[in-house]
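Okay, structure first, notes after.
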Amino acid sequence: MDTFANKNWLSPRKILMRFGFLIVFAAFFLFFAAWNPVFVQGQNLLNIVEGSAILIIIALGMTLIVATGGIDLSVGIALDFGAAFAVVAMKSYGMGWFPAACVGLLGGSLVGLLNAALVVGLRISPFLATLGTFFIGSSVQRIFTHGGGPISYRQMPDGFRNIAQGNLFGIPTEVIIAAVLVVIYYLVLERSVWGRRVHAMGMQRSAAIVAGIRVNRILIACFVFASITCAVGGLIAAANIRMFTPLSGFAYLLDAIAAVFIGAALHPRGRPNVLGTLAGVLFLGMVTNGLNLMGLNFNTKDALSGIILVSALALAVAQRNMRSADGD
Amino acid sequence: QDQLSLEGKTIGVAVVGTQHFWDREAFNGATSKVEDLGGTVVAVDGGRDNQVHADNHDVLMNRGVDAVISILGDGSVDPKFEALQAADIPVFSVDHPSPYVVNNTTSDNYYMGTTIGRYMADAMGGEGKVAVFNAFENSLRICGIRTGLWKYVLQDYPEIEIIQPELAEEFANAPEDARRQTLDLLSQYPEGELDAIHVGCWDQPAIGVVQALEETGRTDIIVTALDGGPDTMEIMAEEGSPFVANVAQQPRLIGQTAAENVARYFAGETLLPQTYVDVVPVNGPEEAKAAYKELGYGEIK
Amino acid sequence: MTEAAFQLSGIVQTFPGVRALDGADLTIYPGEVHGLVGENGAGKSTIIKVLAGVYQPDEGRIEVGGSSVSPATPEKIRDAGIRFIHQELHLVPHFTVAESVFMGQEISGPFGLSKRKMRSRAEAFMRDELGTELPGNRLIRDLGPAERKLVQVARALVDGAAKVVVFDEPTAPLASEDVRTIMTAIARLKSRGIAILYVSHYLNEIIDICDRVTVFRQGKNVAVFDEVTKNTGSELVSAMIGRALDNFFPTTDRQPGEVSLRLAGYDDGKTFSDVHLDVRRGEIFGIAGLIGSGRDELIDALYGLRKSQGTLTLDGATLDTKTAAKAVANGMVLVPRDRRHDGLVLPMTVTENATLATLDENASFGLIDRKKARSATERLIKDLDIRPANALAVTRFLSGGNQQKVVLARWLAKSARIFIFDEPTVGVDVGAKAEIYQLIENLASQGAIIVMSSSDPVELVGTCDRVAVMMRGEVRTIIDKPDLNVDHLVAVTTGATTVSETAYAS
Amino acid sequence: MPLIIFLALLLYVGLNAPNFLTVVNLKLVLTQSLTVVLSVIGLSAVVMAGGDDVVSGGIDLSIPATAVLCAGIVAVMTSAGQPVILAAGAALVASMLVGVVNAVLITRLRMAPLLATLAMFVAVVGITNVITERKRLNLNADSIAALRGDIVPGIPLGILLVAILSLLAWFFLHRSKWGLNLQAAGGSRDAAEISGIRVDRLVAQSYLLAAFMGFVTGFFMLARANGYSPGAQDNLMLEMVLATFLGAAFSPRRIVTVWGAILGAVLVAAISIGLKTIGVNVFWTDLIKGALIVIVVALSAISQRVQ
């Protein structure tokens, strides 16, 4: 790299590289706003955030697992289980909304427990273990619903509906839930003792062991914690449309992975991190919404969003390379 | 009719997927009827992947079944049908016309498309803007017919404008995706600028559409769609539901009919290329309740 | 004088925040064995990588055989006959010995690779030139460190076209008997007129084999010795660290206390058995033993990294060290032999690594108090003279000795009762070694229990109160201070002296 | 050991399913695995060159998208009456462009391959949808349909071609200098670099190879589906990744290999077909597949630890 020659701080290339992703983000924002003023209306911005709430939550769980050095292909299953257990608890067992929500989280935790058993107990790589869980979890849903039919519950208690449809001072509850989780994840993963241990384990397991870190215990906790988080997403999904749609969690998987890795690309040392993930999700949400509002043909829209994704990422990574070469 | 029998026959039943009520019902109808008629079922499921569904026909051929009932699918199945035909295994399709099948059992998709077009236009008072969820018009024949005829009818209503671009389902039949897209749509078309949302080929996305309307408190928009499964008819039956019209199919009956057609074929009867099974137009909450009962889904109070 | 085999002059190499080379010169003549010494971080490895074409220096000239190469690329340097045995063990774990030896210079036949030919040539080369029998189809991941080093050597030399061979601390990971193998190999190379650049912290090796020595300090060559004699040692040291080193090993009048730590019946069913040891409070207790003696495995077992049977008691109460986490929780800490793998989380900063075991003390309500952690680390950096003195430096880029100090810093921050040091000074410069020995001595005088496992007999003799010698999985003897001298220890360790086996044979 | 489990299960299925252990059925299994086999050749090259850590090593999720892109271009152009050869040329250019972009993102910008190729997957599928308008397009090129026919009675052309390609891939990746260097690059980047191996170039080449395999896969997709159907990429991605990493369990060194990946692809196909043939309830097949992965991989890990 030729960075030593070029110490000129104010060269346009430097500026672009230093603030690359921010600039891309802002540029798109302005572009969408110019194209369709609706884009910047409060309601629409709120829509973006609200529409991203579930993905934010799933991506948080994914961030945690990626920080342990693994990956979780079963996040969608945890979401499905969260939704299924809660809906069935209410519909078939007449539970109140709060106990039902707890049952949902418990259901989601089963997915994490299975992952933990496979990864920690049987020493299967997280990738293959969670792929196994994905297959098993999909099958279980189909068996349970006799093929994958949705379980609809239009009459669900208001308390449960409010998980997604209520609001506090005008802010949708799902946005509040996502925000609270972002704060919790930020504190836990980036600021807490426990989070530091997670990162150490993820980066160099053997050194973490020698340093006295109980890696297995942490790994189990991470899988369970992540799956419960995804189950929260499931509760929101179920409350949103007042039903459980089997296998619907899968739709979030690739976006969640993308968001986490966008976030890591934004970090000066390439670590997965909560705020980066959040930026990644919001970027994806903004692009989708902005393109929707541009009134493009849906095929063109899909292609554009893919191309934007690739180029924005290229910039983000170029920017990171630059920064680490400069030793920030 | 009574002497129809599949005694001693092994019938392969291939279904593209079972997530959807319609698909599952057709599949259950076909398999249970085959068994009722004394036949043995070998079932395969494509898991909603058209290619897997197509490949599954190879498995059936290899198993040496006596006939195949093939439910849904796209053009990928045609070479399989051709091969089965060449191996003297007759194929009976459901909702997928093909030159290589003995018979295709289906709803009258033309009628469905035109009917929902008329109902929607009426409900709109013959004027206004409608947004449509499409995306499968080009890839699935049934969707092409239904959406195409809906558009054809709307040509008679020059005051109705179809909002461009059309909306695309990200995945077939995904309500949550439809809900989100509707929310975006609503912020783009404030109160008074949008009058209807139509789902072009089926109706699971309409659940998400209705949800979005309720969340945003928009009562100025009506919803129409096709299929009329129990979930959606329950919503239609609710008081003041925005979901005003639908055309219900009888998927279980379609599956059963396909199975009976197999038996008829083995009994030496000549079958027409297509067997149409009646659909039930559903206009408004009262008809929804009636159709719900008529189709054997129970009773809505 | 004859023409230089290669000559580097005025090399400047910077990394973000560090000037690793600051106008350094280095000249090697054909046929000589040239030593390169210097403190940790002096820039030895860096200049080697500059020569290898791995880094492109900011300034300076590189000449090979009289003509300038610019830029120096790995290919050009290789074609010029310069070969490298880098400090890190760069090998592919799942490759075979033969594949590794011929990596980048594979032999192909008409039907693709000639695996058989590569294997037989690799085996022959290792046998004839390096004096080891190593099956060509063994996987690297199943080899010990010495065998891996030899594979690296074979890879550099197998084509027979080497004119200059650069060894960067080749003996650091090796036990003494393997060191001899390397030395023999070097002597053979020299006798064939191949020039050698030899980097090491073992000054005795330097004195033994080198014709000339260059000394680096802070990125520059500060002295060149054209003649090396037995007496050059102290001059080398003062050139390296910029002052005389009066006492390399700490002097002490420390008196160990009562027996406190007892190992009884340690047995892993495989590499060692029936180990009984009693260690006193305030004692530095050494463990010696060749590779395969079970020494490494015993240490791992003691620290819960390896399954084993046996009981451990501290002052009569059982001490649970079934896992490393329990060991640490119960006051036992380990400075591991493989610091890059087990000692440090390399992508983390000095602060993150130094506080990894004391996070709770640097936190409130479970949240890390960054200021506190930072200032605690800065204190440690100062105490241990870690360079660069930057708490936010990423440990991957520290030199070997400084990495070791970061590991030490972590455990010093955690007040432990039992310290296990496994090869604590491998790759550490003399000055820092002396500091580490002093540090260990201080810990012992404060009453800590020290277990020191080492393959360096000088180090054991210089620091320990007693040394247990292991052989074939058993403790053969324990040598007390009065009998502790290097010759005796080496003799016992290698089995040259048969010790009376009565005391500890069961 | 893991192989034994697979074979035992196959044997069980074979004994319980009519016509399972027959030549026809073997042909069926092979035919149905062709697209996966072709993709895993590309993917295993990438993994070999980049290292097998899914998160930070080499991976190319965009292969199925490239396949779909190629299939789409060929279908659109031939339906418009263009000659197959021209369509193939255009598809080749487009596919290699995908490979080049991947290579640049990964070797120049040092983007994590997982991220880069995932993003490319999205972009390429999007572009394909624009080109095809998400239409189902029937195949009207006999030369492509010939891929599913027999070359001489009993021997399908497709199987023959893929077998030849597999052999070539095995040779070049496992028996040539280039292949060994590729593996060295993935096994230890530093070791390869100091041995004078040009790692970045090899990594880039692996992505080009992967793109090329995507291109070839596209034709087999067209032949198999008798045309272009939107959406074929999703399933292929899952199967390709599964087969490749499962394949590592079969290799004695527990590393990703071409033949392991191919074996993985064929065995997974054999098991799914087998389960369908004995009439296992379709709702249960994924569960069995999932459990199988887990058992096989766990056993492989255990047997390695025991060694």
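Should a chain be cited, it is by its letter among A, B, C and D, assigned in written order, with residues numbered from 1 in that chain.
Note that in this section a residue touches a chain if its C-beta (ideal position, glycine included) is under 8 Å from a C-beta of that chain, and two chains touch if they have at least 3 such contacts.
Just so it is clear, the structure is predicted and the values come from calculations on it, not from any experiment.
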{"item": "Number of hops, subunit B to subunit C, where each hop joins two touching chains", "value": "2"}
{"item": "Shortest contact path, subunit A to subunit C, counted in steps", "value": "1"}
{"item": "Top chain pair, ranked by number of contacting C-beta pairs", "value": "A-D"}
{"item": "Whole-Å gap separating subunit A and subunit B, where each centre is the average of the chain's CA atoms", "value": "34"}
{"item": "Chain centre separation in whole Å, for subunit D relative to subunit C (CA means)", "value": "44"}
{"item": "Between subunit D and subunit A, distance of the C-alpha-averaged centres to the nearest whole Å", "value": "28"}
{"item": "Residues of subunit B whose C-beta touches two or more other chains", "value": "18, 45, 135"}
{"item": "Residues of subunit D engaged with two or more neighbouring chains", "value": "133-134, 282-283, 286"}
{"item": "Chain contact topology (line, ring, star, complete or other)", "value": "other"}
{"item": "Chain pairs that touch, as defined at the top of this document", "value": "A-B, A-C, A-D, B-D, C-D"}
{"item": "List of subunit D residues in touch with subunit B within their complex", "value": "17-19, 22, 24-25, 28, 31-32, 133-136, 138, 145, 148, 221, 224-227, 229-232, 234-235, 273, 276-277, 279, 282-283, 286"}
{"item": "In the complex with subunit C, residue positions of subunit D that touch it", "value": "171, 175-177, 180-181, 183-184, 187-188, 190-197, 253-255"}
{"item": "In the complex with subunit A, residue positions of subunit B that touch it", "value": "17-21, 24, 27, 45, 135, 164-168, 170-171, 174-177, 179-181, 183-185, 187-188, 204, 207-208, 211, 215, 231, 234-235, 238"}
{"item": "Complex contact set, residues of subunit D against subunit A", "value": "54-55, 101, 105, 109-112, 114-116, 118-127, 129-130, 133-134, 241-242, 245-246, 282-291, 293-294, 297-298, 301-302, 305"}
{"item": "Complex contact set, residues of subunit C against subunit A", "value": "14-17, 58, 303, 305, 323-325, 327-329, 333-334, 336, 341-348, 352, 356-357, 359-360, 363, 366-368, 394, 410"}
